[in-house]
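Each structure below appears as structure tokens.
In what comes next, chain A is part of two complexes: it sits with chain B in the first one and with chain C in the second one.
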Partner chain A sequence: MRRSLERHWYAYAMVAPVVVVLAVLVLYPLVQGIWFTLTDINESTIANPVLDRPASYSFVGLRNYLNVLSGDSSFGSFWSTLLRTIIWTASCVVLTYGVGLGLALLLNRPMRARALYRVLLILPWAVPVFISAFAWKFMFNSQFGVINQLLGAVGLGQPVWLGQTDLALVAVVIVNVWVGVPFMMLALLGGLQSIPADLYEAAEVDGATPWQRFRDITLPGLRSVSSTVVLLGIIWTFNMFPVIYLVTGPAANPNTRILVTYAFERFFSGASRDYAVASTYGVLILSVLLVFATFYRRALRRQEAFA
Partner chain B sequence: MRRTALVIAGALLLTACGGGGGSAADSGKVVFWDTSGPNEHPVFDQLAKDCAGKGGYTVDVQQVSFDQALANYKTAAQGGQGPDVLRSEVAWVAQLAQNGLITDLTDTDLAKDTSDFLDGPLGSTKYNGKTYAVPQVTDTLALLYNKKLLADAGVQPPTSWDELKADAPKLGGPKAIFLNNDAYYALPFIYGAGGDLLDVANKKIVVNSAQNVQALETAKGLLDAKAATTALDQANSYNNMKAAFSAGQVAMEIDGPWTVVDLLKGDAFKDPANLGVALLPGKDSGPVGGHDYVVRQGTKAKTSAQKFIQCMSSTESQVTVSKKLGLLPTRKSAYDSPDVKSQPTVAAFEPAIKQTHPRPWVPAGAQLFDQLKIDYAYVLSGQKDAKTALDEVAKAYKDQVVPDYTVG
Partner chain C sequence: MSIVQVPVTRIPLRGKRSRGRSVALHATLVVASLIAVFPVFWVLVTSFKPDARAVAPTIRLFDESSLANYGDVLSGQQGDFLAWVANSVEIALLTTVIAVFLSATTGYAVSRFRFPGSRKLLLSFLVVQMFPFAVLIVPLFNVLLTLGLQGTSIGLVLVYCTTSVPFCTYMLKGYFDTIPGDIDESGRVDGLSPFGVFWRLVLPLARPGLAVTAFYAFLTAWGEVAFASAFLSASDESKTLAVGLQVFVQQNRVEWGHLAAASILVAIPAVAVFYLVQRFLVTGLAAGAVKG
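Then we have the complex of A and B:
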């Protein structure tokens, strides 16, 4: 031990800053967050340095987890909220990927004014999310919004988009897809352009139909890009807070509540600033994503082995 | 998780920097968070600057959105940051006092002469027998109506909800009244039916009482009878109500004095005399609302902050605010001023302010609306019946808001 320290002190000194930074920025808050889930910490029991009031929260064991995992409505109906989060994530990622791929294919072929289309299609990405969200909120207004006015003009029904019904979830999915498509499109376009053109030429010479070319050249060629953007998309969407919060308002519509918005509700705007329950949600979200990422990577590796 | 962890880390950093302070010398610089709307803000801003000029300290007035103010203030004050003076909604005071985020003003000049203040707003400044705030404005809800539309239809402002139902066909059915599906706007129905949210004296949750069930059924009944309209999207509801009323699309709405400045900009009220204010149906059915001044715990401008509040809440200042914005003063002496007496909004709301229902000034007071808001919207949209919805609210109160109360 002593000898190894003498021999490798330089290496230890070199990694020390990274270890310190990681410990301060990642590990400490993480451990603290996990510790909070085992206590009854809230606004009135947290330490108050201004008042010199010491912390008065106490250890409660797994009570928070039991409360949350019971699925009780007073603790955010965990299981139905989880289900809604999964539906929200899946529909957003499938739609953004699908639309993004379609647009990327369109943009990948030679055409006039391609640069112009590309700029226009990237625009939603350049607009700050909160501006998009507020614009959509105005458009979805059931009485004065432009969407319902258009629907009314062509003689269709005028639904209450942002009411306390599942239609609100459809509305926020639409907004999120609009916000998310440019990134997908750009990433996939990059992937498409890296596929060598001679593969297509060879396939054409062999008499492959467009569908066969798409299935056997384009999709495999995009695999590495796709797997990355889908994983990113899933993690981002799972934790996508601003779109839901800004479109359906701080009033917390229970029909668009996902895990992270509920954690925020409990932490900041909700009834009791319950840091313990909010942290519990945080830990549960982290666990869900960790489990998912593990399986996803394993599935990818298996796929690559077969390919 | 990462968000939570970062916030916690951030809070810790803030706490680390924010310690100390205490009884240091007065900094002479008052930061004031004004939560009033865009039309009201310039008047308060000017008033604050005048006060600072006279008092020999500087003031930095920051407009903070009312929706976000409580959360932002709590986060900042917990770490020793934030404004020196906050315009706090009356229901926030007890909660902030309990959490040690505002200064006890009992031994200061601000708490000495309070006999001039109206009892309703004054009640909100006390917590556990100590004084934590100074009343700024008071308000309540009243029935606002379009005089011309009612006159054309040949009806008087209703004194009961049944009367409204009977008159509605003459006013164009659902165009008679716009109901906002927000919790605060359910209170007139609840108080009017003799109900309440909490029975503080007996530590009981009474939100799911028979009277309250009946109250929400009355509100829903108006919609069913095509005597009222509502916006079912919560996020747009209040603005849609104001837009419809100020454009003359609906004849009545339930709202407070703070909204009058905005309404007068609408087409229907180009002639301000067209705006009528009547008492709400039901006895004593308006909730006590309004705002107080509070001083942040750990402020570095303690003396200046007190001088500032003294000046802002003086009779003279209240008269100015009333004259310009039609907000209701909290000082009895302000009502003697001819400027206030002749102010049409104040004159119109004065009867309403005398018939309000007291609200429980408990730390949980501000939190009672979170669940009620959701379930009231469910009732009005017909997704849940009143009993089921209110039982849910009662359960949420028991689990999250007042766990030491019994459901009764």
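Then we have the complex of A and C:
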């Protein structure tokens, strides 16, 4: 131990600040957050030095978990919200990846105005997400929004996009895909460009069809980039807050409620500042993600072993 | 891979593309570009219309258009826009400085030295990436209350460091990995301390990586909505842009024209800077991720 300290003291010294920051601002809060899920902490029982009020919450055991996991609607209908979160995540990631890959493939060939297309297609990434959310909320306006006016002009129906129906979920998926495609596209474009061109030439000499070239060269060549961006995409979308909150808010719409927005609702909105339930949701979200990431990595490793 | 640019290996033209396929290719890309650009264009058009005209029963590009919205927003007649800008800049800059400084030393240590615990540390950075804000929001709120920082911008800076520092460390580690270790060794031979090597040799070489990391940290803090909505005090002048702009969106009445003008004012510098750094950003992001 002492020898290790002597040998590595400068490494430890350089790492120390970050370890301290992480310990104080992530680890300690995490432990405390888990503890809060076992209590009945809320706005009136949390310690508040400004009001000179000590903490008065008490230990309640697993009550919060039982309440939430019972799926009761007064605790956010956990199971149906989880299902909606999964539908939301899956549809967003599949669409974003599909469109991103399609555009990357198109952009990866020599043609006129390639650089111009690239810049135009990146634009949604450059706009801050809260601005994009407002822009789409404006365009989805049921009476005067430009989307419905265009639909009306070509003789189609003019649905109420952001009402209390599942159409609102479709709307936020559209927004999130619009926001997310540029990142996917560019990451995949980088991946495509790292595939050696002579592989394609050799395949062509051997008489491979375009589809075969795509399946046997492009997709395997993209594997490492794909697996990373898909994992990132899933985690980001699962936790995506601003798009849903700003497009359908400020009054929460139960048809677009995902786990994260409900936790925030519980923490923040008006009468029900129930910090204990908000924390419980947080811990459950984290558990779902950790379990998922573990399986994902294992599946990837198995896939690599076969390849 | 690293934050250096991926060399562009052009795929040679496989024969000549037929006319029909060429048209289809360009048509697809034009449609996609239109979809990408249109919302921004529409906000721009709307920003010149009065609130009442922004939601008119027929679509018009120009409808009593003028610069009035911009005047109102900038003069503070509609929300304290300049104060929001100042808050956003202050919070984002502070976050950036702290995050880059902390993550540079750690990224370097993790990149260069094999010490017990270094792998675990890196792994923990990855796991922290996965944390939804919902896990930390209550305890961080509690910490800030206890410290008396609830409702202040310093409190928000601390909160943003929890997400920025691990991510920046990861990115910078990837960048430091691309700087040859020979440089460090020759520095040591010339009598520099480990810290001297880092400070005098490696940091200057890593300037592009630092720039990208800083940009990323800045943007993350600049656009964050959830913590900013929850942790800033309710008074109008303490808000960031992401929270302040919500003032225009009331339950029953939305000031679309003013919101659009404010949005354009926020988006233009972001788009401009983004345009300058985007090619580095992509490869940098891919690098940090792929190495994991």
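As a working rule, the second predicted complex is superposed on the first by the 287 of 307 C-alpha atoms of A that agree within 3 Å, B and C clash if a C-alpha of one lies under 4 Å from a C-alpha of the other, contacts with A are read in each partner's own complex, and residues count from 1 in each chain.
The working rule: a residue touches a chain if its C-beta (ideal position, glycine included) is under 8 Å from a C-beta of that chain, and two chains touch if they have at least 3 such contacts.
Everything numeric in this text was worked out from a predicted model, so none of it was measured.
J.: Can A:Ser73 be said to touch chain B (first), chain C (second), both, or neither?
T.: First partner only.
J.: Report for A:Pro29: first if it touches chain B alone, second if chain C alone, otherwise both or neither.
T.: It touches chain B and chain C both.
J.: State whether chain B or chain C is in contact with more residues of chain A in the superposed arrangement.
T.: Touching more residues of chain A than the other partner does is C.
J.: Contacts for A:Leu120 in the overlay, against chain B (first) and chain C (second): which applies, first, second, both or neither?
T.: So A:Leu120 only meets chain C here.
J.: Counting only touches as set out at the top, which of chain B and chain C does A:Ser142 meet: first, second, both, neither?
T.: first
J.: In the overlay, answer first, second, both or neither for which of chain B and chain C A:Glu43 touches.
T.: Touch partner of A:Glu43: chain B, not chain C.
J.: With the two structures laid over each other on chain A, which partner does A:Phe241 touch: chain B (first), chain C (second), both, or neither?
T.: both
J.: Determine, under the contact definition given at the top, whether A:Val205 touches first (chain B), second (chain C), both, or neither.
T.: A:Val205 contacts neither chain B nor chain C.
J.: A:Pro254 in the overlay: touching chain B, chain C, both, or neither? Say first, second, both or neither.
T.: In the superposition, A:Pro254 contacts chain B only.
J.: Can you list the residues of chain A that touch chain B in one structure and chain C in the other?
T.: On chain A, the residues that contact chain B in one structure and chain C in the other are 25, 28-30, 32-33, 36, 46-50, 137, 141, 143-144, 239, 241, 250-251, 260, 263-264, 267-268, 275, 278-279, 281-283, 285-286.
J.: Going by the contact rule set out above, which residues of chain C touch chain A in the complex?
T.: Chain C reaches chain A through residues 1, 6-14, 22, 25-26, 28-29, 32-33, 35-37, 39-40, 42-43, 46, 54-59, 102-103, 105-106, 108-110, 112-113, 115-116, 118, 121, 124, 127-143, 145-146, 148, 150, 158-159, 161-162, 165-166, 169, 193-195, 198, 219, 222-223, 225-226, 229-230, 241-242, 245-246, 249, 251, 254, 256, 259-260, 263, 266-267, 270-271, 274-275, 278, 282-283, 285-286, 289-290, 292.
J.: Which residues, counting only chain B, touch chain A once they are in their complex?
T.: 1-9, 12, 15, 18-19, 21, 67-68, 71, 74-75, 77-80, 98-100, 182, 231-236, 240, 243-244, 297-298, 364, 367, 370-371, 373-374, 377-378, 381, 383, 392, 395-396, 398-401
J.: In their complex, what parts of chain A are in touch with chain B?
T.: Touching chain B: residues 25, 28-30, 32-33, 36, 43-44, 46-51, 53, 72-75, 137, 140-144, 160-165, 168, 239, 241, 247-254, 260, 263-264, 267-275, 278-279, 281-283, 285-286 of chain A.
J.: For chain A, which residues count as touching chain C in their complex?
T.: Answer in residue numbers: 4, 7-8, 10-15, 17-19, 21-22, 25-26, 28-30, 32-33, 36, 41, 46-50, 103, 106-113, 117, 119-132, 134-139, 141, 143-144, 146, 149-150, 153, 178, 181-183, 186-187, 189-191, 193-197, 200-201, 204, 224-225, 228-229, 232, 235, 238-239, 241-242, 245-246, 250-251, 259-260, 263-264, 267-268, 275, 278-279, 281-283, 285-286, 289-290, 293.
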